[in-house]
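In what comes next, subunit A is part of two complexes: it sits with subunit B in the first one and with subunit C in the second one.
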Partner chain A sequence: MEGWDPTTKSTLTQIPLLSVKAGPRDGGAWTQRLKEEYKALIAYTSMNKSNDNDWFRISAANPEGTRWTGKCWYVHNLLKYEFDLQFDIPVTYPATAPELELPQLDGKTQKMYRGGKICLTVHFKPLWAKNCPRFGIAHALCLGLAPWLAAEIPILVDSGMIKHKDDAASSNES
Partner chain B sequence: MDEELLELQRQFEFAQQAKSSIRLSERNVVELVQKLQELQIIDFDLLHTTSGKEYITPEQLRSEIVSEINKRGRVSLIDLADTTAVDLYHVEKQSQRVVSDDSSLMLINGEIISNSYWDTVSEEINERLQECSQISLAEIAAQLQVGSELIVSVLEPRLGTLVKGRLEGGQLYTPAYVARVSAMVRGAARGIAVPMNLSALWSSLQVLLQDMDGFSGVAVESSFFQSLFNGLVRGGEILGSVRAGVHWTPSVFAVAQRECVDSFFSQNSFISYDALHKLGIPQPIHFLQSRYPDGKPLATIFAHGSLIEMLDAAVEDAIERGSWIDSLTILPASFTPQDASKILSLCPYVQKALKSSKAQLLGESYVFSDALVKNLFDNIEKELENLNVSGFSTAGLSEGSHPKKNATHGHDDSSSLADPGEYDNQNVISKSASEKGSKKKKGKATGNAKAGSAESVPESQEPTGTKSKKKMKKGKVIPAMQVSDSKSGGKRDNERMDDPGFLSEESLIQKIMSLIPDLEEQGMEDPETVLAPLANYLKPMLLNSWMERRKAAFTENAQKMKRVFDNLQRKLDEGFFNIQLYEKALDLFEDDQSTAVLLHKHLLRTAATPIVDALLVNLDIHNKLRNGVQVEESQNTESASMSLADRISLAKGIPGPLSVKAVGLVETLEGKRVESFMNAVREFAEESGLMLKKLDKKLERTLLHSYRKDLTSQISAETDPVSLLPKVVSLLYVQVHGKALQAPGRAISVAVAKLKDKLDDIAFKTLADYQSAAVTLLSLISAGTGNEEDCTSNRILSKRELLESSMPALKSLVLGSSS
Partner chain C sequence: MEAELKGLLSDLQSLKDSLPDPSHQISVGKIQARLEHLKLGNAQRSKIKDMSAEVVDSNPYSRLMALQRMGIVDNYERIREFSVAIVGIGGVGSVAAEMLTRCGIGRLLLYDYDKVELANMNRLFFRPEQVGMTKTDAAVQTLSDINPDVVLESYTLNITTVQGFEIFMSSLKNKSFRPDKEGTGVDLVLSCVDNYEARMVVNQGCNELNQTWMESGVSENAVSGHIQLLVPGETACFACAPPLVVASGVDERTLKREGVCAASLPTTMGVVAGLLVQNTLKYLLKFGNVTPYLGYNALKDYFPTMEMKPNPQCSNAACLERQKEYILAKPARDAAARAKMEAEAFVEPECLHADNEWNISVVDDSDVQDSSASSGALPEGLVHELPSADEFQKPPASAETTATPIDDLEDLRKQLEALNAA
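Our next item is the complex of A and B:
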């Protein structure tokens, strides 16, 4: 569990673990899995809200629940930077972690694969593999996206790669 | 699509829509509060707790403090800081405000204590006090963990109200207890009749108290006793005086003491410090001086002035009479010699007499009038003079003469002692008269004893003096001595001077005793105590005069010594030349052993012995002279014939290394070789500072010549045929060999035989015949002694005739050839 800051770790431990090992192609088992995913997400979200640490909105984009879309944001210098978030559940899920995408930031940072998929730390993959199938989407967000945002957004803002939407709007208008 | 899944979807949606609770971080809150203060919305100080999570207003803190105080009555600030969780600094600040606002509170040693607390404590103390009847403040203070001073300040206003008792020297007592102890102290103090250390008394009282209420085990402070005691003394309930706070002297005792001293002093007009010490007066001199201003403090005794006057009168009397006095006999028996000397120094007359040297203060307590001392000195000096002379004449060897001198001196004493006895009867009448008388008698006695002369003149000093002078004059006739010797002699003399045995203390004492018989008469068991100082006083003076006399005698002796020495040198020279001369002749007989031995022995006996005798005797005389001994002039050393033992004893009597040499010399006399004797003589002479002259040719010739002449005249005058022969032989040797031969009878034949080659036949034959005739004659005489009717006498006669007939031939033989 090393490699993450203490708050992340404490949060992670409070997210309920999953039990069903099933991928999108497993039919009923996947549904069970999806239910557990939801429960975990609900717990995580409510936890975030109670700690005044709400930072994303997601919802399933298809009825099977294999594609998810939504928003995530980060407050830096009292300004809220919001980005689109999307990801697919891979067929090998849960052995493979979902690849989180921030399409708006594609090409703006080096910590990102083509298509806006974020680069995760070296610790993520082994941890995930070790905790398969207990980790789910909520864990992926908590362990992967949250630290990434915290690390990358301030750099991107300071370097001017991204601008607040107000500034962006004003520049677009002009 | 599963219902449940949908439900979950909806729930999730709802969860995401729900409003997130808003939380302010601590930092934000702190900032907010700061902002509020900046904006003057909060216009008072805000304190925060030690955890840093809470703000607290001072009012709240104060109210908390007050509530804490009200709860317990006594709170320490540190406890307050803990309970309110506010920094100690703020607690202290607010506490001070609380205390200053409320007069019933006090802040002491970091504790806030309310008056009500003290009231309760006082009540507790009172309860305990009534139970135990006394409590020490220290105990209370330790119990309450406050300073005892604080306790005192707190208790004092409550004494008599809340606390029913009395505070005394750090102790709380109930009145009943105080009364009881005070009664004890009074009883004890009244019971004391001698001076006492109060602390000892207190400790005994303490023990008593502890015995009485042993269970309570309370220790009563001695200071409590002391304060009670002081109160009693002030109140006049007990009489006496306290010195240095602890020494209690009851007035009963003081009065008794004073009366005792008064009575003794007024009766005896003195009192010893020892007596005062026994009475418990620690500083007797001070005490006495303040009480009796007319008294005088002495070493161990305090004397009244009247005692001094009495002594003064006695001393004056004694001195005026030219006598002496032992102040101790006049003073009371308890006076020590130191006291006596001190009191003497205080006597006005003694002071005056000492200053005008009319009196001598000796041995602390004896006063001698100067006249007496002078007389004594004169007498002893004169006696010494006599002693000198007699001592010298009687002494044999000067070194060992001390006992002898002493013996003569003792004899003098006994004789002189006997005489004054007769005078003692007269002495009773008048002391001074007896003194004079005994002195005169003394002088006469010594004169008689020494010289045995019939001089009975009272002033015998003169005769003895002249006599000694005469002797000295006689002494001057003796010739002088060598200078170098006189020096060494003088030095040794000085050494001996330092310790003339007869000037020892004992003998002086004896002498003085004999001179002043009434010293003994005074009934002293140990007269030496009187006489020792007197003797010591006289001794240096006597020594001085003695030494002067010695010096005078010595210079006279020096001349004598010189003369003896010259005499000796002359004799020695003569004898030595002779022996050298004779020794030469011995060479002729070296080849004949037996004869040589005979000749050597003969020579030693005839020639060497006188030399040795002269040496020894003269050196002995010289020695005596050197030691200041008077030697009779009339000795003739030549006549003295001494045995071997005499010589050895003389030789041993010679002082120093010379003695060894001398003994060696004497021994060589008994030897067989002349040479060894010669060597010994030389060594001895060198050692004793004499000169031995070698025989040179010229001197030898003249000596030989005179010897020959001498012999020739002797032969021509000789009538005895037997004794003619050796002389003829000797002369022949002189003529033939030019050497002087001293031959004994037995060696004559050999000597004659030796002459055979040198003489012509006829002459030799005459000589040989004569010699054989003489030998037969002698043998006949020696054989024939006893019976004269024997025919041998006829034969002797005929032989003698024969010899006598041939004498002229022999004489002519010698004289002819010599002429």
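Our next item is the complex of A and C:
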């Protein structure tokens, strides 16, 4: 795992691995996979909360569990910046990772494809491919979105591309 | 142009209405008539029923039909029977679509979910006034102007989503254009997408439909590209081995990627689109050798080629089914090949020497042995883009303890929601 910072590495190893290789078109096997996805997300979310590093909310937006929506946030200079998060589970999942979208940042940074899909590092796809089918949504968030936010949000804030919403910090404190 | 003429005409009308002198009104009326005529002349050419080989400057197909006279292609006009699906109407797909349109292809199916933007103007095909239109609509606008004979279908959707994939599959299966065609409703699928995820989806669909397709790609640093032919069961599918890409000769990890996702050049994309459509024409019209894989390294002007056999351990279930069918069909295939060889053995000597009045000896190209590499080692200049899935070390003990005993989907969903609400 060269190219990853130690925190990401150690967090990753604590997220439960998945075992069912099934995508949204695989019927009952997909339901089994979905259960594993939930277990991994529950473990990851609880872990973040107990480490005082809560940084996202995600839930299935349809009963099939093929579309997910939620929020993610990042604290920079003591201010919290929050964004909508959404993605679809691709038909070739888990051979290919979900493409994570932050639609509110579409067009604001070059590190993004059209539609607000975040541009992942050279390290992400090889690691995902190597670990198919053990990595799931939780791993994609940990390896894809967390480092992206850490790298891009400070730049976006400092360059004035995104502004802080004054009420965002107080209303979401847990 | 159309809109400008319209505006001009209505301006003239209001001028005419405001003129008190009838003689002036008549001269304005004459200008209007001339403009109307211009507007008609500016409209699309009408459809052409049969492709003619007649060499006149009003025949858009004369130079193409000449391929037949020169003996390159047996029956060029067959191109009108073919349907080609192009997935991804970006820098490569749009140019490929224009080339096929100018060649008089029968039908094009275009898939993309993106819109045209100014950032695309370093590439070919789309024009600044199309900014904001969907790529599929903008493409249909331009292509139908260039050649109204081509049947164009546009699908503004993302094929990687469950819903988009269903529409993609049913559009490929639709046979209304040529009901007697065997297999699917299309002759070839061209993948012109810019990411691994979408390629895997095209691969999935084509494996399930037993549909031959060609894949194309340009590297993110814009200085290399490739095209690849994929025949389910017969050649490696896109999931059989990690994708092959042309090494740029620069260490990927030392490449500066700060601040940008991808670079692009109209040249590299144009070259790759050209290679892709050339291979498409050879495949459809049956001339020359259809390449199984052709790479392009722009920095070194190097074009590696290779062939890849399917992987019996491929992770794609549909690929394994196609492999099984291909093996079962081997005796029939061998018999057909033998019959074809025997038939050619009878005809060939006469053909070769019939008009060879100078008695020049001709070296038969087919005698030259193909020296392509076996599927094991990669030719110089090609590398795998991604690693294969490997055995992961046992999950650490801590992971086991955090695992919840609950195994009901609804309970799990509620548990996550409770955590989210906390």
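Note that the second predicted complex is superposed on the first by the 166 of 174 C-alpha atoms of A that agree within 3 Å, B and C clash if a C-alpha of one lies under 4 Å from a C-alpha of the other, contacts with A are read in each partner's own complex, and residues count from 1 in each chain.
As a convention for this text, a residue touches a chain if its C-beta (ideal position, glycine included) is under 8 Å from a C-beta of that chain, and two chains touch if they have at least 3 such contacts.
Values in this document were obtained by computation on a predicted structure and should not be read as measured data.
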Touched partner set for A:35, first subunit B, second subunit C, both or neither: both
Comparison of subunit B and subunit C by subunit A residues contacted: C
First, second, both or neither for A:50, with subunit B first and subunit C second: first
First, second, both or neither for A:66, with subunit B first and subunit C second: second
Partner chain in contact with A:112 - subunit B first, subunit C second, else both or neither: second
Partner chain(s) touched by A:86 [first = subunit B, second = subunit C, both, neither]: neither
Which superposed partner A:25 touches (first subunit B, second subunit C, both, neither): second
First (subunit B), second (subunit C), both or neither touched by A:125: second
Those residues of subunit A which subunit B touches in one complex and subunit C touches in the other: 31, 34-35, 38-39, 41-42, 45-46, 49, 57-60
Of all residues in subunit B, those that touch subunit A in their complex: 1-2, 4-5, 8-9, 11-13, 15-16, 18-23
Subunit A residues within the subunit C interface of the complex: 13-17, 21, 24-25, 31, 34-35, 38-39, 41-43, 45-47, 49, 57-60, 64, 66-67, 70, 88-92, 95-97, 99, 110-115, 119, 121-122, 125-126, 129-134, 174
Touch list for subunit C against partner subunit A, complex: 113-115, 117, 158, 160-162, 165, 195-197, 200-201, 203-204, 239, 242, 252-253, 257, 259-261, 315-316, 386-390, 392, 395-396, 398-399, 402-404, 407, 409, 412-413, 415-417, 419-420, 422
Subunit A to subunit B touching residues, read off their complex: 31, 34-35, 38-39, 41-42, 45-46, 48-54, 57-60, 63, 65
